[in-house]
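Take a look at the structures below.
There are two complexes below, and they share subunit A, which is joined by subunit B in the first and by subunit C in the second.
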Partner chain A sequence: MFPELNNLLNTTPDKAEQGTLTLLCDSKTDGSFLVHHFLSFYLKANCKVCFVALIQSFSHYNIVGQKLGVNLTMARERGQLVFLEGLKSAVDVFFRAQEKPHPLQFLREANAGNLKPLFEFVREALKPVDSGEAGWTYPVLLVDDLSVLLSLGLGAVAVLDFIHYCRVTVCWELKGNIVVLVHDSGDVEDEENDILLNGLSHQSHLILRAEGLATGFCRDVHGQLRILWRRPSQSTSQRDQSLTYQYKIQDRSVSFFAKGMSPAVL
Partner chain B sequence: MAAVATCGGDAGSVGSAVATASKSNVTSFQRRGPRASGTNDSSPRLVSITGTRPSVRNGQLLVSTGLPALDQLLGGGLAVGTVLLIEEDKYNIYSSLLFKYFLAEGIVSGHTLLVASANEDPANILQELPAPLLDDNCKKEFDEDVYNHKTPESNIKMKIAWRYQLLPKMEQIRPVSSSRFGHYYDTSKRIPQELIEASKWHGFFLPEKISSTLKVEPCSLTYGYIKLLQFIQNIIYEEGFDGSNPQKKQKNILRIGIQNLGSPLWGDDICCTENGDSSHSLTKFLYVLRGLLRTSLSACIITMPTHLIQNKAVIAHVTNLSDIVVGLESFIGSERETNPLYKDYHGLIHIRQIPRLNNLVCDESDVKDLGFKLKRKLFTIEWVQDNYLRQERNIYPPGFSYLLKQKDSAWGEGSLQHSTFLMSFLAKATAFASRLVRHSEPLKQTGSGRICQAAGPRLWHDGRRQEAPGLLGIPP
Partner chain C sequence: MLDSLLALGGLGTEVGRKDRDGLSIRHSVEWEGRSLLKALVKKSALCGEQVHILGCEVSEEEFREGFDSQINNRLVYHDFFRDPLNWSKTGEALPGGPLGALRAMCKRTDLGPVTIALDSLSWLLLHLPCTTLCQTLHAVSHQDSCPGDGSPVGKVHVLGLLHEELHGPGPMGALSSLAQTEVTLGGTVGQASARILCRRPRQRPTDQTQWFSILPDFSLDLQEGPSIESQARTRKCSLGSGKRGENKSCGGWG
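Coming up: the complex of A and B.
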């Protein structure tokens, strides 16, 4: 986790909010550093994490996690982390017929499927263990990223349904958190993606948008991060709070600064 | 006499290099972490595969793309387990050349090849690969070629005695595992037949694999893609590239090349209609392919005619599902062919995406305007300089072009500093013009008296005088 981002979000692993949906969004840049941040944050907060990693392999997250101070292999062995590696499972489900429904069953189907098997997998993974040993604080679902599901043929409505089911189970029943990443296609007209993004933005408590700079590529400022706090359940009389920062990604951390105050410019 | 000795010595030294090829190109330090490509073998072991080297940034195993210039821009090479997607140029000239460079590099490094195509027989593709420039004589030739570009009249040949000039040049025909990472190729010559025969390759030609009487049950992917995936998976499993077969300890890289993926010849209709039946076939294929690559010692190059894809959202999906995306734009047939700015180049190359593998950062190049030119033995990629330097020099003061020339300058074209300066300068230019009219009394004449230098403010705001005639030059 990045300490500077914790300061900006005003959280620490000990006193994080529960029952929230955080939406990570990136537009014209790569927002995966936010996923690494939240993964290490929740592992350090002693939560039970179910990570649906659809875009990269386990060793990638492991190596970056080691730079951020968490050991994913040990967490997986301990049972703290349940890792669904999308790429490896896709090969399994595609080439070998499965007896019971696989979380990525929709890859074999011709028509647009639904994500029921994936939801069953998540529910099974985050079920509170009755034996009572090694009490984890609360469950967390992390998905990287949802746009891959759209590009693999699922409809936006199916993905929204999946998130809805997960919210009921994880956020409301088990008082846990959900963090998802969605790509914003920007000026490319991708209707399904826009539906998904708008639908999730209305449901989420915290939106982190990583955007590329409007003036183009810069070596010292990699992008701009917009933080938006929302209260979807309450009325909109209370204004949503929004902050914007620029950031530069380094080897082991990310440094944030106010707009125009990059150390390279000052 | 001396020449023969040097020739013999040359061959001898290269020969001994070949004998120790498997150990000499790669540094011999022990890799600290597990192999990043996700193979099951997690114990650190000495990297000893020919034609690969570990990345300096994260220890990832890299293979060369066949173009040393492109390797540099991609941060050292193509990582094993990743996909290099090339967005084809309009007439598929340079993208097929990059495809051939990749395969030729595989043959020269001794890797196994898998060539898949729907319109050309893989055996024919292999016949047309460019010949590698392997020995030091050839390096002298290509240096000379670059030199000749500047001084066409000098014809520097190696000075050897006339008797030995008549002997045939020594050719390297042994099956090579060359010890270098990244080679140069001569596009005017074909690869020697012996090299192809010594290499191991598998071909997938779609018309052969599809029988005429097939019953296609509705499936999630196009039939051609399914067959190709099964073929690739078969090769990976049979030859042990994924480490699952305990009998076959494979220590080689599988280079996969897929040509014109997404074109109608593969049975896919994303190039024909906007919302066809198999609109997600290509993305599913890429996803499963990447899953296969991540769990095996292989690297893949795909050329795709993205300029034909009707639905632009599909291009965004394909980009997100690939690791490295390089776009080629050739000037043939476009208006840029006659643009004097681009007269030295054959096209532009856009590095659209570089992956962040095992790392938070990636090796992005600072320079985004890259052009390429193809000479016979060299494919160079260079920074296309700012056109203001050439065309509009007389608008800017002399010092400004110096600022534009700097590669990392904040005054680059399109930056905030540049545009504010331009606006303020142009606003002041009119003021300068009026002042010149009012204050131009001639100085004291020295010399012949024909040239009269007007006094007064042909001065820039920082005190320099304009020497060259500019936009506002006053006739004598």
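Coming up: the complex of A and C.
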């Protein structure tokens, strides 16, 4: 995890808020560093993590994770990490007989319906186990990323329904957290992605939006990060707070600074 | 103007006249409106009305949070948060879903005033055809349990929460045509405002803006305008502080 990002979010692995939905969004840049941050954050917080990884292979996340101080292989072996490798398991949907619906069963269906099998997979992965298992603090669902589900033929409402049921189970029943990544392509004609992004924004307690610089590529500033805290049901005396920082991604860390305050230009 | 919206009990109480009032709260990611919805719900309950909540987006506990027992006792929460699509198949899901619950409200037999809060209209609009939803809302708002005999009928107030970024101009326009009052939330740094567009039969439409805040007990605090502190923060942001530190967003989100 990135300590500077923890400082900005005013959180640490041992005092993180529970029952929240965090939305990661990237526009004209790659926001996957945020996914790696939260994956390592929650593993270090001793959480039971279910990671629905639809974009990269297990080894990719493991290599990056080791730079951030976590070993995904060991986490999976001791039962702390349940990893759905979308790239590999999608093949199983077509070429292996399944006794019960595969989490990505919608790939086989002519009319992509819903993500109920994927939700049941998540629920099964994160359900509390009474005995014989180390005491994990709370469950966490991580999804990288939801936009690819739209590309695979699902509608935005189906994805929103999936996240709704995950919120009910993970956030409300089990008092755990959810972190999802959605891309913002900026395409005004991509209505489905806009519905997904805006729909999730209204449900989120924390929104992290990584954006490319308007001026283009810069060697010392890789983008800017907007942070929006939301309290969807609270009184306005607890007003939502918004901060913006620029950042630079390094090999094992990310540094954050105020706009125009990059160490390279000072 | 916003305070008069809260005095829903004072809107059209002539005996024998069908009283109905539809109000939509259009909010955005940055300027959330559920707290205003709860403030209106609280006011209705304090006026002695029974309040039905169609809860699709937050849990019952979360919605009731902040209300005292006097308010909570008048709230009937129809829980469509836990299993809105009947995925659990345990039989616990309410039959007919949210649409069935709305239609059941059209057939109510008690004559007392009632407020129906839809949390949210956006959820319903995403899951139901727009025409079906509009027809049902029209039927709910125009229910008449004693046709033609001149006896008093219960007032029906329908409050709906709309996420304005989610829907196109067609559905938004259709819902606007059903609502007598539209409240669009916005604001400046740290200060919320409500633009209130009110259309009443045989009256000229009114369009006013009211600055406000919602207190922790969901009472409404009306204000004259942005506070001096928030105006100063707005000027400071636009000029730039020149110091190393955080940058606060002064404009809209996204």
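The rule is simple: the second predicted complex is superposed on the first by the 257 of 266 C-alpha atoms of A that agree within 3 Å, B and C clash if a C-alpha of one lies under 4 Å from a C-alpha of the other, contacts with A are read in each partner's own complex, and residues count from 1 in each chain.
Heads up, the rule we're going with is that contacts are C-beta pairs under 8 Å (C-beta built on N, C-alpha and C of every residue); 3 or more make two chains touch, one makes a residue touch a chain.
Not measured: the values here are computed from a predicted model.
Undergrad: For the three-chain model obtained by superposing on subunit A, do subunit B and subunit C clash or fit?
TA: Aligned through their shared chain, the two binders fit side by side on subunit A.
Undergrad: Going by the contact rule set out at the top, does A:182 touch subunit B (first), subunit C (second), both, or neither?
TA: A:182 sits against neither subunit B nor subunit C.
Undergrad: Taking the superposition on A as described, I'd like to know which of subunit B and subunit C A:168 touches: first, second, both or neither.
TA: After superposition on chain A, A:168 lies in contact with subunit C alone.
Undergrad: Between subunit B (first) and subunit C (second), which, if any, makes contact with A:149: first, second, both or neither?
TA: neither
Undergrad: If you stack the two complexes on chain A, which partner ends up touching A:122: first (subunit B), second (subunit C), both, or neither?
TA: neither
Undergrad: Is A:201 touching the first partner subunit B, the second partner subunit C, both, or neither of them?
TA: Only subunit C is touched by A:201; subunit B is not.
Undergrad: Regarding the shared-chain residue A:261, is it in contact with subunit B (first), subunit C (second), both, or neither?
TA: The second partner, subunit C, only.
Undergrad: Is A:16 contacted by the first partner subunit B, the second partner subunit C, both or neither?
TA: neither
Undergrad: Rounded to the nearest angstrom, what is the minimum C-alpha distance from subunit B to subunit C in the superposition?
TA: The answer is 17 Å, the least C-alpha separation in the overlay.
Undergrad: Identify the overlap between the subunit B-contacting and the subunit C-contacting residues of subunit A.
TA: No residue sits in both footprints.
Undergrad: For the complex, give me every residue of subunit A touching subunit C.
TA: For subunit A paired with subunit C, touching residues are 114, 116, 119, 157, 160-161, 164-165, 168, 172, 191, 194-195, 198-199, 201-203, 207, 209, 226, 228, 230-237, 239-240, 242-245, 257-259, 261.
Undergrad: Flag every residue of subunit C that touches subunit A in the complex, lowest number first.
TA: 29-30, 32, 34-35, 38, 57-59, 62-63, 65-66, 81-85, 87, 122, 126-127, 163, 165-166, 168, 190, 192, 213-218, 244-249, 253-254
Undergrad: List the residues on subunit B that touch subunit A in their complex, please.
TA: Going through subunit B, the ones touching subunit A are 33-34, 36-38, 58, 81, 218-220, 229-230, 233, 279-280, 283-284, 287-288, 290-292, 294-295, 312-313, 315-317, 320-321, 356-361, 364, 366, 368, 408, 414-416.
Undergrad: Taking the touch rule as given, give the residues of subunit A at its contact with subunit B in the complex, in rising order.
TA: Contact set of subunit A toward subunit B: 30, 32-33, 36, 55-60, 63-64, 67, 86-91, 94-95, 107-110, 147-148, 150-153, 183, 185, 188-190, 192-193, 215-217, 219, 249-252, 254.
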